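Below, chain A partners chain B and then partners chain C, in two separate complexes.
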Partner chain A sequence: MSLLIGALTIGFILSLLALGVLISFRIFAFPDITAEGSITLGAAVAAILLVNAWSPLAATTIAVLAGMTSGAATGVLHTRFRINGLLAGILVMTALYSINLHVMGRSNIPLLKATTFVTRAEEAGSFLLGGRESLNLFGWDVSTRDLSVLLFSLAVALLVGAVLYVFFRTDLGTAMRATGDNSQMIRAMGVSDGNMIVLGLAVSNGLVALAGALLAQYQGFSDVQMGIGMLVWGLASVIIGEALVGVRQLGYTVTGAVMGSVLFRLLVAIALRWGLDPNDLKLITALFVFVALILPGLLAKVKMSKAGAAHA
Partner chain B sequence: MLDVRRVQKTFNPGTPNEVRSLKGVDLALVEGEFVVIIGTNGSGKSTMLNAVGGSFFVDAGAIHLDGRDVTRWPEHRRAGMIGRVFQNPFSGTAPNLSIAENLALSARRGRRRGLGWALRGDLRSQIHEVVRSLNMGLETRLDNEIGNLSGGQRQALTLLMATWLKPKLLLLDEHTAALDPKSADQVIHLSGELISRDNLTTLMVTHSMHQAVNLGERLIMMHRGQILHDFRGAEKRRLRVDDLLGRFEEVRRADLLDETAAEMLRRKYV
Partner chain C sequence: MRRLWLGLFLIAATSSVLLISDWSQRKAAGGDLPHVAIFQHASQGILDEGVRGMIDALAEQGFIDQKTIRLRKFNAENDVATANAIAKELTSGQFDLVLTATTISLQTLANANRSGVVSHIFGLVSDPAGAGVGISRTDPLDHPKHLAGIGTMQPVRETFQLARRMYPGLKTVGVAWNAAESNSRANVMLAREVCKELGIGLLEATIENSSGVFEASGSLISRGAEALWVGGDVAVIVAIDSVVTAAKHGRVPVFTSVPGNVERGAIFDVGANYYQVGRLTGALAAQVLQGTDPAAIPIRNIVPEKLLLNKTALIGLKSSWQIPEDVLESADAITDETGTHTRAPAQAGTTPVRKANLQLIELNNIVDVEETEQGVLQGLKEANLVEGRDYEMKIRNAQGDMATVNSLVDAALAEDPDMLITMSTPVLQAAMQRAQGKVPIVFTYVASAIMAGAGTTNEVHLPNVTGVTMIAAYEEMLRIVRRCLPGVRRVGTLFVPSEVNMTFNRQELESAAKTAGIEVVALGVATSSEVPDTALALIGRRVDALCQIPGNLTAASFGGIARAAHRARIPVFAFQMEQAKEGASVVLSRDYFDVGREAAAIAARILRGENPASIPFLSISKTKLVINVKAAREVGLAIPPELISKAVQVIRE
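Right after this comes the complex of A and B.
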């Protein structure tokens, strides 16, 4: 049971990463690998502030701002200096590796003694339950600590998803969606498509950094290596989410990204439980995304050739 | 209203693909004037429109719009004053956004976009009204993705979007060339209606002699990056398709003559 709760918690936290990837990859069709650096940046900034006794809210907010800055940097490299999008992301990601080391001062910061959102959630949970250590849920004993952290991450994911949905329905958010859809059209409507991309990547990486900051607080440490493979992870979540909800309407895609992240984390937890070598995890994730990316094209081809055969 | 002075544009300068697209073009439009541009392939008529719209910066010359020098203004900044409809019917709308959202975007053309709800209640009913005026039955599908519509329907909506906020200048770039004849008729009819209703200053490029003769109060014929003829007033009203064909034939002969003359000279002296 605690395995399930752990998987759900990480799933909700990483759904913020998925929402960030949803913006860069699905709205702008921009494979923004900055995410691998900015998730670590979020964790690093939050961690160093937390061990220096900053409040969790302030530490996490500054982590988000740092992530937004790195996203904006990629956007500026791409739009103002006309560097290929993937390369712009790689440049910033590489630079962030050094920056993250500088921020943390070493390669790993443990957060066991610091007061984090997780400790706050535990306090709130045990207060509400009158100080009980565990709770009987459908016949299982669930520790108050795990349950309150799960509920906290669920609340954050829902809140951020709702805010994002509302944002995309505003004048500014609609213009942002249109930019990815048809940049010529949005310029003719008086919007600088370059500025929209910079802003969009800033929001995207702000969300990714938020995921990093919360992940560090949940797992109790920040590590300079924790970003590796995160973009593909986010892509997998987005793709699973799209398969789950089917349609590509705004509200559904946002919900789908959150659901996809949780489902993917659950699948991973089950696979690990069944004896999957953790070293193979990234290979499998990459293979999964590869298949998901080519599958629609292959299916269309099969359909076409079948139709052709029927015709002949 | 629009004042284009000695504008030059060369694409791919210094390469074998160098094209001198505009060779010092002068053109002035007064407010409310509807000017049609016609020309041979590669005459620079679309380049001319794109230079005014700001798709690129010109190499030399100046462009003034409504008394302001917009020569170095980027495209999106000029869009506050200019409404545009492109040749490709898919260029003017965002396919994954709904009809209503696309029109809502155009209701703020060139204005600040903040965190206000894009489809405010009053705007929605206005959009419904405007779309209903097309008589295409699209007002019942306002929440459908615009990408599912036909080219003609999308071009008609693009026209509505370009003119929702009355532009200082409307640019129409062969906007019916990619449509089937029936849709082209509908769109050209709608264009004429909107232009005369709001008395819009309009610059329209077309390849259709028929449109060139029947629309607008002034006709400009371009060839090789220059303005060859400028028909106005009574002369424009008298102009028939045959006259235009005659002018094009003259141009063609002059070109042929140039080439044969050059060939003769080459044989003699080189």
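Right after this comes the complex of A and C.
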């Protein structure tokens, strides 16, 4: 049970990363790899502020702002200096590596003694349940600590998803989406597509940094290498999500990204729980992603052939 | 909404798969598992041992907490009011069986449980009949029908017989005792009888509390006692130091019928082995859980004996006490000038009875980690723990992926482990965060656990975390560098700023170099592709030698460093074993195998019941010297022959 709760919690936290990736890769069709640096940036900024006794809310907010700045930097490099989008991301990501080391002052900051969102959620959880350490849930013993952290990350994911949905339906949001779909058209309508890209990347990397800040608080430390490889998994979550919902309508893609991220972490958890040979872990995860991608298509085919059979 | 169903369905399906994998951890809700409580009166060594024995014996019979029973422990912490409150709680109807340790717990619970709401099994009681709870002295089956247990009278007769053997001329023995304790009264009554048989005169002095013990003991000696005896008397045992001090003044020995006093200066203890008593009590409780009626269990006096000797107490006595050879051989533990030596079979009794579940978590697959892992397995073997019999170990490896580390730790915790063994700093940190003090963690392959947040000093640390750290032997290495290159002024190293171990190691090298009067040039690299260029840049800074600190990335790309140095004819000194084969002239390595073994030794201590909080972090100091004569010759480095003779391995071709 604790493994399920842990997997769901990480799934929800990393769904913020998936949402960030969704904005840059899908909505703007911009291959932004700044995310690998900005997730660590979020973790680093939050960690250094938290060990200096800042409140979790302030630390996380500043981490998000830092992430937005890094995203905006990539956007400016691309739109003002005409640097290829992929390269602009690479430049900022590379620079962030050093910046993250400077922010933290060293490569790894433990947060075991700091007050974080996680400790706050634990306090709230144990307060609501009258100080009980654990709860019997359908026969499993669940620590209230894990449960309250799960509910907290679920709430954050839902909140961010809802805010994004509302935001992308405002005039500004619609213009941003239109920039990704057809930048010539949006220029013709008198909107600066450059500004839209800068803004979009800022929002995207702000979300990624939020994921990093929460992840650091959840796992109890921030490490300068924690971002490596994250982008790929974020992208995998987005694509699994798309395969699941099957359409590219805004509400569905946002929900799909969250579901994809959760599903992905669950699959990894199963691979771990079954105690597969550690050397095969990555192979199995790749296999799972593959199955998750082709399954919706297969199901649709089965449905089609059934419908066909009924007609005949 | 229909479009979301597939996703939701898959999430539900995967969650169910995970839950089904965890099915064994499920606890039945409500009261279908028997509720068992263990009630002890105080936190005291022998009581804790007894309770441990009860739990072990229950587990051996298949009654394991959270699996087949719900077990709760209660401790009145020496407070009678608390004891009564606990007894009320225990008899409120929610428990099926209660085990008590000590006479007072027996009395309090029996008093609250007169109507027989719960079945009651007692242990660690000297004289059940004397406790006044309705147990007959003559008929073992005449007792309240819900109440049964084991009496453990102190082996008073055996104690006096042994005293006589050690000093055949023994004529008078003194005893200070508290008449208010029913246990003590029973002990002294028996002692009077035994002394009469043996022809020993028993001098008595009664006390009212512990503060009177010193005076009473002094008076006994001045009245001519040739030795002092201590029986099962709580007030006197608490003040055992006073008895020993008084006896020292009078140059007479102290012997007791309660184990654990030799360490305080008694000459011998013949007492009950309370762990074994606890086990017998637990076995009795298991019988009751299996359906035996307590009314049908006879109450017997059972004394599994334990003999502890103290050779140092023989020194300076008036009369010539001697320990016969056969007694020495049968002792469970012997204390001498060098400390206390426990006999091996007694240690076997303390091996964990339940198969321990160990989870070893690694961050990546490199040679050092593999060697450490081998060391851990060997160390467990050396600590007499056998895989399959005493423990099961599952090894997990994150393949260098940080995001997986958390899930790995969760997966390990999901198996309800008895201990996590972690390798590398991030794994330790994730384990500390996820285990939340509930599972002991033994770490290894960590340069500084303090930097990782596990504690403030080697002694003051998180209560569930301990382990082995290792820092490369910089001072020793710099001495070697100086002997090989007497004119050395400047050494260089590459480091990876993102590896917390490497930044730490760099600081250590720099501070050691400062004392040795050598300058250190350190250049940072981030990826292995940068290594060859940065190595060239380092050599361009006119270093006399490279002194490459250990790290994951530099180990993987060490060949590039060695080649650059070789071309510039600069010798390389390194700290990781395999680098001698890759072109380092001298390698002074920590013995990773040894590091693993030491971690396993700590793990074994914890599995045998030691508290991790009291085990300080251990820093490994053992080194291995490997010399590559060929590499040295190629760069024109003259290695003194006496250094070569110290090497454990010399590579010539």
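The rule is short, and it goes like this: the second predicted complex is superposed on the first by the 274 of 312 C-alpha atoms of A that agree within 3 Å, B and C clash if a C-alpha of one lies under 4 Å from a C-alpha of the other, contacts with A are read in each partner's own complex, and residues count from 1 in each chain.
Just so we're on the same page, a contact is a pair of C-beta atoms (placed from the backbone, for glycine too) under 8 Å apart; a residue touches a chain by one contact, two chains touch by 3 or more.
Everything quoted here is computed from the prediction, not taken from an experiment.
Of the two partners chain B and chain C, more residues of chain A are touched by C. Look at A:Ala209: by the touch rule set out above, it reaches neither chain B nor chain C.
Legend: residue contacts after superposition of the two complexes on their common chain; A:Gln219 is shown touching chain C, with no touch to chain B.
After overlaying the two complexes on the shared chain, residue contacts for A:Thr174 are found with chain B alone; chain C is out of touch. With both structures placed on the common chain, the touch criterion links A:Trp233 to chain C but leaves chain B unconnected. In the superposition on chain A, contact of A:Val262 is made with chain C only, not with chain B.
Of the two partner chains placed by the overlay, only chain C lies in contact with A:Tyr252; chain B stays clear of it. By the touch criterion stated above, A:Leu41 is placed in contact with neither chain B nor chain C. Contacts from chain B toward chain A in the complex involve residues 53, 74-77, 79-80, 82-84, 86, 90-97, 101-102, 104-106, 108-111, 113-119, 161-162. Contact residues on chain A toward chain C in their complex (touch as defined above): 1-4, 6-8, 10, 14, 97, 101, 106-108, 110-113, 136, 138-141, 143, 145, 218-221, 223-226, 228-230, 233, 241, 244-247, 252, 255-256, 259-260, 262-263, 265-270, 272-275, 278-279, 281-282, 292, 295-296, 299.
Across the complex, chain B is touched by residues 167, 169-175, 177-178, 181-182, 184-193, 248 of chain A. On the side of chain C, the complex with chain A involves touching residues 3-4, 6-8, 10-11, 14-15, 17-19, 21-22, 25-29, 66, 365, 394-399, 401-408, 410-411, 413-414, 425-426, 429-430, 432-434, 436, 451-453, 462, 497-500, 503, 526.
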